[in-house]
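The following blocks contain the structures, represented as structure tokens.
Shared between the two complexes below is subunit A, which pairs with subunit B and subunit C, respectively.
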Partner chain A sequence: MTEINWPWQYSFPPFFTLQPHAETKAKQLAAWKSLTLEYYRITNQAIVDIREVHSSPLFNNVSINRKLSSDMVLVIMEELENSGYACALDKSRQRWLVYWHTLQEWGEIIYNWVRDNGFIGSVCTTFELTDGENTTDQEFHGLDPEVLVRALRTLESSNRAELIMFDDNQGVKFF
Partner chain B sequence: MNRFEFVEPRHLPNESFLIRESGVSIVDGELLTQFSNGELTLTSHRILWASSKDSSQRQIYLALSLHYVVHVEEDGSRTYSSPGKDVVLHLTEVSNEKMPGPASRSFSNYVRLSFRNESLTQFISLLTNTIMRRTWELTPVMQSLSGLNFGQSESSGSMPMIKTRTGIIGIERSLQEKQKATDESISMAFQDLKKLMGMAKDMVAISKTISAKIRERQGDITEDETIRFKAYLMSLGIDDPVTRDAYKSSNEYFKQLAKQLAQILEEPIKEVGGMMTLTDVYCRVNRARGLELLSPEDLLNASRQLGSLGLPIILRVFDSGVMVLQLRSHDDKAIVEAVAELLEERKSITAEELAQTEGLSVTLARERLLATEKAGKACRDDSIEALRFYPNLFLTMDV
Partner chain C sequence: MRRRAGVGAIHKQKLEQEKYKDKGTEIQENQLEQMSKQMEVFRINLEKFAAKHKNEIKKNAQFRRQFTEMCASIGVDPLASGKGFWSVLGIGDFYYELAVQIVEVCLATNYKNGGLIYLDELRDRLIQARGRRKEHQEITNEDLLAAAKKLKIFGNGFSIVPLGRGRHLVQSIPGELSMDHTAVLQQASQSGNAYVSKSLLQKELRWESDRTQKALDHMVKEGLAWLDLQGEEETLYWFPSMFTACINSSS
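Here is the complex of A and B:
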């Protein structure tokens, strides 16, 4: 796993308190958004569970003894949702799916790879896309299956793919 | 005139004779009375007047207790022509315990003593000295008191008490005695206070009548006299505190109060750095007023008037609800700059630390930090330890 390059804010205690001043707050939340996406990209994770955030070094800086409150994590998640980088998985908005490309972007990336490698018109399993030998150099290699399915659904809605569900496996056909 | 009493022509036990003048008439305000050309005696407690002996009528004896006299002045300009001089005595309201006198009411609250004698310096100096010494308070007329003492000694003599000093009863008794003594001293203290309040009220009343007179007669009074009047007012020691009963509408009262607030607080507020919390103001103002205390509501209402009256200080309510009086010239920007500089220097600061450095109250220090934050020059770190403020690196550090 790559070492994370923490930004200066991470060791600045006020970073862990939601700022009331509007302009400051905007800057702070923007920094949090990019840090969160960066962290999830490098550690290749996709799930944020607000009830367990304090076990994650991202939201809990042990060296300066500061951690984010659950409320503030929720604020950050909602900010990410507004710009299309996250969505809630349950109604109580405690579990979140986070992706460092928007679902449309992921869809485009996958579709471009499919077109470039001549898979249009054929069927692949989702396992082949994320864990297949052909995709090891691709960004979506090892992508969370849930994120992948949601990205493929964006292609489906623009009629460029169709998801096929059978038993315990999922396949997709590209057009 | 209604302050005079009919009396017997003899001195009271504690009273001492000071001076006698003959050919004195009493004038009620500006009205001549039937009491003319008599003999005036000044004692330590009273002014006595006796009608002249050669008149065919029965002799009349009048007395004026000196405690009615609040101010004495010599007046050469009498309205009716005859040789001699006048002494004007300004009097307080008549008290309830007064004995019957020659008049039950009077239109003026001063009397003239009209002397045939031209040089009254000795009389006036004796009179003013006596009034200043207030002998009637130190050694009250003893008549009633001596009777009381006699009665007490008799009762204690007739009922000899055997006092046990041992056992629970002894302890209980000593406790009881102690309690009694405290009780007495407390009620004594309050008696004093009551007297003081009563006197202060009189003083205020007098000062008001005099100042009203000044206003009234602004036209035909010489500058010299105005200055003299003002000097009297000063010597009375109370310079007219603004009180509610003096004004008909509370709005007018608040306006006047606001003006007085601005006048007395401008300097102290400057001293403490341009801002003072309303609680501090309340304490300071009431300490200065002494007796005519202000209620918090009145102070608040008066403070609200400050802004619209164009006075040098104004009321300010912070977002947190803290209320302060501050100088109109007070510059928030300068404060913010100063705090921001201090933040750069110290890296981080709490309200308590700022209060210590700047010699402010913690409340005001917090307000300063919040103002700095509001201006975008600080950001907060709200942890379990304290609310710390840091320089706003979010805005200054460009990533």
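Here is the complex of A and C:
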């Protein structure tokens, strides 16, 4: 696993307390947003479960004995949602899907690869896209399957792809 | 027969007094004229000196300090005005340039320190931005303080907070800091921890609870301090401007 390059804020104890002052809070949340996305990118994760945040070193810095409250993690998730980098997976908003490119961006990245490699008009399985030999050098290699499907749906809505479900496999045809 | 003082004698005396007086005024005027002449000569010499050593003044920090000290001792402020003969020499330009660079560094770091920066950090960043040549590097804290003083003309948006022990903070946000706020900053800096707490201030400064809370709330409201509710015993107020990892971070 690649080392995380923790920003200075991560060792700054009040970073783990939601700031009351509007301007300071804006800076704090901006820093949390970029740190969260960076952490999820490097560790290649996609799920934030608010009930279990303290098992994640991201939200619990044991070396300075500071951790985020669940409420504050929710605030960060909602901030990410507003800028298109996360969405809630359940109604109680406890489980979240996080992605360091927006779904539209992921869609474009995948579509560009498909076009450049002549797969327009053919069917691929989602497994081929994220785990196939052809994509090992691609950023979407190893991407969370849920994020992938949602990214493909953005292509579907612009009529550039169609998701096909068969048995317990998922396939996609590109146009 | 004893001669009594007559009217003629009184007249004579009066006349002499007037002559003395005239002479006195004449001498005084002479002296004044000479003094003015001397001052004029001195001014011209100082001007010549400054012109001749202009480059030296700009390049050599030690020399620059001695020169400004000399000017100060005779009541000349080479930075006082952009007009007049000093401006021709460009002595002020050096400090104006520094002042602009100070503002640049303050603006560039504002997003993380809230508009408060140690003079030492300011100096490091400024020198880094100035280029590698020796003359660009030799900037002393005195130079920065002299230049920063000039920024006062922009109102209270810019000021120097002395912390004692030769340390200074440069404040670049509008809104004046009171004596109490300065005292809070001094305590935070002297503690070496980059934070203060209510009990620490009450103990060190012998303040009442209300006064302490008011000063701390102000620091938070101005974006200078961050609240930490996870301290072991009480709320802590942290200053990113004094937090080592923040000072050292390049971003």
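The rule we apply is simple: the second predicted complex is superposed on the first by the 175 of 175 C-alpha atoms of A that agree within 3 Å, B and C clash if a C-alpha of one lies under 4 Å from a C-alpha of the other, contacts with A are read in each partner's own complex, and residues count from 1 in each chain.
Note that contacts are C-beta pairs under 8 Å (C-beta built on N, C-alpha and C of every residue); 3 or more make two chains touch, one makes a residue touch a chain.
Quantities reported herein were computed from a predicted structural model and do not represent experimental measurements.
Undergrad: So, on subunit A, is it clash or fit between subunit B and subunit C?
TA: Because the two structures are overlaid on the shared chain, the partners are seen to clash.
Undergrad: Quick one: is A:Ser11 in contact with subunit B, with subunit C, with both, or with neither? Answer first, second, both or neither.
TA: Touch partner of A:Ser11: subunit C, not subunit B.
Undergrad: Answer with first, second, both or neither: which of subunit B and subunit C does A:Gly84 touch in the superposed model?
TA: neither
Undergrad: In the superposed arrangement, which partner chain does A:Arg66 touch: subunit B (first), subunit C (second), both, or neither?
TA: Both partners, subunit B and subunit C.
Undergrad: Determine, under the contact definition given at the top, whether A:Gly142 touches first (subunit B), second (subunit C), both, or neither.
TA: A:Gly142 sits against neither subunit B nor subunit C.
Undergrad: Could you tell me if A:His21 is touching subunit B, subunit C, both of them or neither one (first, second, both, neither)?
TA: both
Undergrad: Would you indicate which of the stretches 4-12, 40-48, 148-156 or 184-192 belonging to subunit C has clashing C-alpha atoms with subunit B?
TA: After superposing on chain A, the stretch of subunit C hitting subunit B is 184-192.
Undergrad: Going by the contact definition given at the top, which residues of subunit A touch subunit B in one complex and subunit C in the other?
TA: 7-9, 12-14, 16-17, 19-21, 23-24, 27-28, 65-66
Undergrad: Can you list the subunit C residues touching subunit A in their complex?
TA: Residues 111-112, 114, 195, 220-221, 223, 226-231, 236, 238, 240, 243, 245-246, 248-249, 251.
Undergrad: Which subunit A residues qualify as touching subunit C in the complex?
TA: 7-9, 11-17, 19-21, 23-24, 27-28, 65-67
Undergrad: In the complex formed with subunit A, which residues of subunit B make contact?
TA: Per the touch definition, subunit B meets subunit A at residues 348, 373-374, 376, 379-383, 388, 390, 392-395, 397, 399.
Undergrad: Help me check something: in the complex, which residues belonging to subunit A touch subunit B?
TA: 7-9, 12-14, 16-17, 19-21, 23-24, 27-28, 31, 65-66
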